[in-house]
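After this come two complexes, each holding subunit A, first together with subunit B and then together with subunit C.
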Partner chain A sequence: MFLSVLVYGFINSVILVMVALGFSITFGISRVANFSHGGFYVLGGIFTWYGLIKMDLPYFLSAILSILIIGALGALMYRVVLVRLKGLELSEVIATLSLGIVILELLRGLGVFGYEFRNPVFIDGSVDILGVGVGIQRIIIVCAGALLLILLHFFVHHTKMGLAFRGVAQQEHTALSVGINPNLVSMLSLAMGSIMCALSAVLILPLGVISVDEGYDILIKALAVCIIGGLESTIGVLVAAFIIGYIEALTSMYISSSLTSVVPLACMLVILLIRPSGIFGKSKEIEERV
Partner chain B sequence: MGCTKTISKEGFMILWKILCRITLVLIALLFLASHVSFAAPPPIVIGVPSSFKSIEASEGLKAITLAVEEINAKGGVKVGNEKRMLKVESIETRDMEPGVPLADALLANEKLILEKKPHVIIQGPTRSEVLLAAMDLYAQYKIPSINNAVASKFVDQYKSNPEKYRHCFRMFDGKYVVAGLGKVMEKMNKEYGFKKAYIVVQDAIWAVGIANGMNAWYKANGWEVVGFDKYPTGASDFSSSLIKAKNAGVQVVFPIFDMPQSGILVQQWKDMKVPAIFAGFISPLMGSNAWKTFGEKIEGVINIVFDGGNLPLEKYPPAKKFYDAFTKRWGEMQVGHKPAVDYDGVYAMVRAIERAGSLDPDKIAKELEKTNMVGATGRIHFADHQYVFGDDPKVDAISAVYQWKKGGKRVPIYPDSVAEGVIEKPASMK
Partner chain C sequence: MSIERRKERIDRPIKAVTDDIFCLSSIREIAYLVIPRMLPVLGLLLLAFFVPQYWRKVMVITFVMGMMALSWDFMASCGLTSLGQALFFALGAYSAGAMNHYFGLPIYLSIPLGTIIGAIISTACIYPTLGLRGIYFSVVTLIIPLMLMRIVETTGIFGGTEGITGLSPFPGIIVTMAVSMIALWLTFFGLRRLIDSDYGHIFVALKDNDRAVEASGLSIRWFKVQAIFIGSGVCCFSGAFMTHYYMSIGMSAFAIDLSIFPIAASVVGGMGTLAGPLLGAIILGPLSEALRAFGSYRVVIYAALLGTFIVTLPEGLFPYLARKYQQIERWVEAPGGISED
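Let's look at the complex of A and B:
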């Protein structure tokens, strides 16, 4: 049983990383907490489904198109809504949360409920890992998660745009003084976060059926991971995802499966009590010391 | 010499006026006559307050519409000396959506009653506690209703004050799931010696209620229940239950789920090669399209159709007739609960109105109690204002249990009166 916890705890942790990374990247660079994350997630899945099932597009093309559309939507959201609210944090939260709810409830209203909304797994079948059977789709998610982290590291440290992203994240005014356009970078960070969100939807949703309510669940999970790890820290996301993933797996195996949904929220509460900026968070560190 | 009469100009004008007046009177008479003889009496309004973002309720509304279209096509309902058409008025109560308060769902019910003035209600709220609260509303407005929530306390509430709740009737009860699947477990025990089960259930009142009932059944019948795990709605990893079931050598995994993610459970069952049979209720695997959606992974799964009429039963023609009519009108039927009993509910209500010869709610309720008709789900009759379910569709309404078999065929295996095949072990147990 312990091996099962080890294997599925690892997989579930990577799934949490995938789900939370887009949210964290966006906040880390533009300081926008994108609460429409859950809406974009479900929309990414639905666009892929629509392209694949209704338009008969090849799976890969449909997935790429949906990821790009969601990325464009993220950029558009910044350009049309968030740029006007810059600095008004509460208004940003209200605006993105409202948009997320509008997307999800609109999808529900348009008839996205039922069991036909399912994207097939990329490769059917299973393999044994440490004697535990695991579906190949979950293996693909783990590989994609690892690849995404490597690409992200390369992008942020070795590309001009990545360095610009870091510049704006560290000190927006200084970045401006060296010719970096913070608005453009923030817009691109929204696009990038949305792309990651859609990518996670394309990879994870084939495990089940696309449902509107999943958008709300995903938002809570992403929020929990980011708050525990530190909202702007990629390393924090990684560590927090593994903490939550393994506590969930252990709870499900040795205590009660019905408590698994409580785990992320309980962890978040504990962290908010003892270290409000999260394990690797920096923004409130000085305030906390005071 | 001929005599010619000429009409003076004044005479002509008088004649013209008289003709005009006669014409006007004739037109008025014609209009009145046509109005009196051809005006259709107002339709009988069937209210359908439910949570239509739930796939079961939405498919149920389609079945109600189908029944109404059929009845109207035959000239409508005979009420006393006149024929009246049926009209469906539905309202979205949102009671199955997360976070929607009971009061809001009740408000939607009352809005329907006050604005659309339904004569009767079919299907009713989806969530059990909303139905129990709505019973007071229906009693207050004296509206005959045949409801369809799987509320385990409906009969208790009815019995607590039969006079007050005399207009409230109900279609399905969760206890019939336990009864039906209990018989399937008996068959598996007899056939293969299975005696070890693991219960995996969605953490929702209705599902846990059924699972508790099944747990009691297992214990009363000498089975060993190795585990009883509840999963929150939205869970996407069931590996802990499956590994525990596998290690304990469980032969039957008993699932009760209607959340979309529950399809993952069956995929993990195959991925983890758990040598046990799945027998219970997994809503996403219900419709004939599930094979296309999930593929061969669902082969061997045993699923219960709450209302047998939702399966095209070859051995019970009314069920097949309904299923074919439904799929012809609406396409694929995705669910195993609500459409057939809702369809039967419309016919039961209409016949009660015809027997009563009026729309008086007390008379309709009295006639509903006497219902005894052949329906898509079996013979429809009430005990304690509740459809009676049994094993033979010629005697009672039935639930039907089927098994997914090679090639994507849903083969009925229970009750014996409609069974078309026997239970087969899934590939992981062979």
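Let's look at the complex of A and C:
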């Protein structure tokens, strides 16, 4: 009983990390809150499904293709729309939110609903971990999540590009004066966030059915995790995801599984009351707080 | 070498007269001031008599949506840009529905009580987030209604997915129209007057420079609470009204299209003007009715319209019209060329 909470809470938390990471990366670097995250997530799943089922591509190829398409879409969104709205935070939010809604509701209108829309798991079967049966897909998710975090850490801290990213995140003007193009970096950060979003969709969606509501759910979860952790902090995302993940697992095991949906909201409101900038929000209290 | 020209805008003489000299000396000057204000009021009133029954219902929905747009714009002028207006709508709707269904209150009690109780609950819900501002506030308000929707769905409170049905209806379409129209104009002129008063200047200052408010010895949080209470009260009334109009209440009250509509109306009409959102709602309301056949594509069209307007015409329609009404535009030669600044 307790062991299964331990194992499934861990998996749940890693899923939350993967979902929230793309949003947090984009926001941390370019200050663009990409509200079309949920739309990109479902779209990534649908593209994979389409390639696999309708066009008979190999699973691997179709997944890679859809991830790349979503990445390009993110970059395109920055180039076409967001670059015109630079600095107008509210307009950016409205623009990305409306794009996300266009994607999701368009998919709903095209009839994405039902059991037909599901991606198969990569490898069937399950193994015992601490005496709890766990599907191999979930193990792949956990491994991929860990790998992604390591790669991300390496990229941000040990490559020149990562240095440029950090530079733009800290101060755009100074970055510009040493020859970094902030527009290019922001575009790449949006592409990167979208790629992570699509990657998590490819990995996580085989656990269930692709549905439009999943898109809104993912957006809610990503935002909740980011708000609790502090919007631009990767460590914060990690910690917040584990807090929510384990509390959800505990609630569903010991209280009632219907109450799990209350957990993120309750956590969020409590954290906001105590620390408005989130657990690991860099002390921007003067800026954010009133 | 061609002569460069620039566009010059000058206030019409009549605007200068009516703005600065508080003595209106001719019918023309009075008309200049009164017509733009009375035309929509009388026009809608007349329209209500002459349109067929079906379009009266559309008008009622448009009025209610207009109120939501006004409340969004009011809150946005206070620096509280909410992306989840549906939260307030739904809380008002559920309060009124619960009053009517569980306590059996008649309609003329359940709507006012639902409005007030809904506004109090909304303010309490939003209170933890008032420490945030700008985009952080928007993020939180976007997800609260969606989360509450999941909670209603999974825990089954207030009828869960089924909702509450069989609420008392309005006595007739005439009463419905009258109530919604009067409420709309009260909201519109009330909020305009409020924003222009000394008390309202504090709200506007919350957006423009909240440190100045704090430096004046006023509590930012307390004034934000008041702004939320007023803004959400308007939305709660819309919700309470609509529950009784539809005679039922369900989870769809939390849905994202109700959050998108006020924003779309405000952006199309012109943010921060109060008259703009009203204009936007009057355009988008019947449009959404005409698009009803498209089902789920309706929201797509809204959202696409919203995105297009925010990128291409961020000032909105109303400021454009107001400029045409108040100013003369003409091309003049710019001998020194046009500077790039």
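In this text, the second predicted complex is superposed on the first by the 284 of 290 C-alpha atoms of A that agree within 3 Å, B and C clash if a C-alpha of one lies under 4 Å from a C-alpha of the other, contacts with A are read in each partner's own complex, and residues count from 1 in each chain.
Everything that follows uses one rule, which is that a contact is a pair of C-beta atoms (placed from the backbone, for glycine too) under 8 Å apart; a residue touches a chain by one contact, two chains touch by 3 or more.
Source: prediction; values computed, not measured.
In the superposition on chain A, A:Tyr216 makes contact with both subunit B and subunit C. Once chain A of one complex is fitted onto chain A of the other, the partner contacts of A:Leu207 are limited to subunit B, with no touch recorded for subunit C.
When the shared chain is aligned, subunit C comes close enough to touch A:Leu85, but subunit B does not. By the touch criterion stated above, A:Ser261 is placed in contact with subunit B and with subunit C alike.
Once the two complexes are laid over each other on the shared chain, residue contacts for A:Arg166 go to neither subunit B nor subunit C. Judged by the touch definition given at the top, the superposed model places A:Ser98 against subunit C, while subunit B stays out of reach.
Touch criterion met: A:Ala249 reaches subunit B, while subunit C stays clear of it. With both structures placed on the common chain, the touch criterion links A:Ala224 to subunit C but leaves subunit B unconnected.
Residue overlap on subunit A between its contacts with subunit B in one complex and with subunit C in the other: 108, 216-217, 258, 260-261.
Listing the residues of subunit A that touch subunit B in their complex gives 1, 4-5, 8, 11-12, 15, 108, 113-118, 124, 126, 132-135, 207-211, 213-214, 216-217, 248-249, 252-253, 256-258, 260-261.
Subunit C meets subunit A in the complex at residues 81, 83, 128-136, 138-140, 142-144, 146-148, 150-151, 153-156, 210, 214, 220-221, 224, 256, 260, 263, 267, 294-297, 299-300, 302-304, 306-307, 310-311, 314.
Contact residues on subunit B toward subunit A in their complex (touch as defined above): 53-55, 58, 97-98, 203, 229-241, 243-244, 247, 259-261, 263-264, 267-268, 270-273, 283-284, 286-287, 289-290, 293-295, 297, 332, 334. The touching residues of subunit A, when paired with subunit C in their complex, are 33, 35, 81, 84-85, 88-91, 93-95, 97-99, 101-102, 105-106, 108-109, 216-217, 219-220, 223-224, 226-227, 231, 258-262, 264-265, 268-270, 272-273, 276, 288-290.
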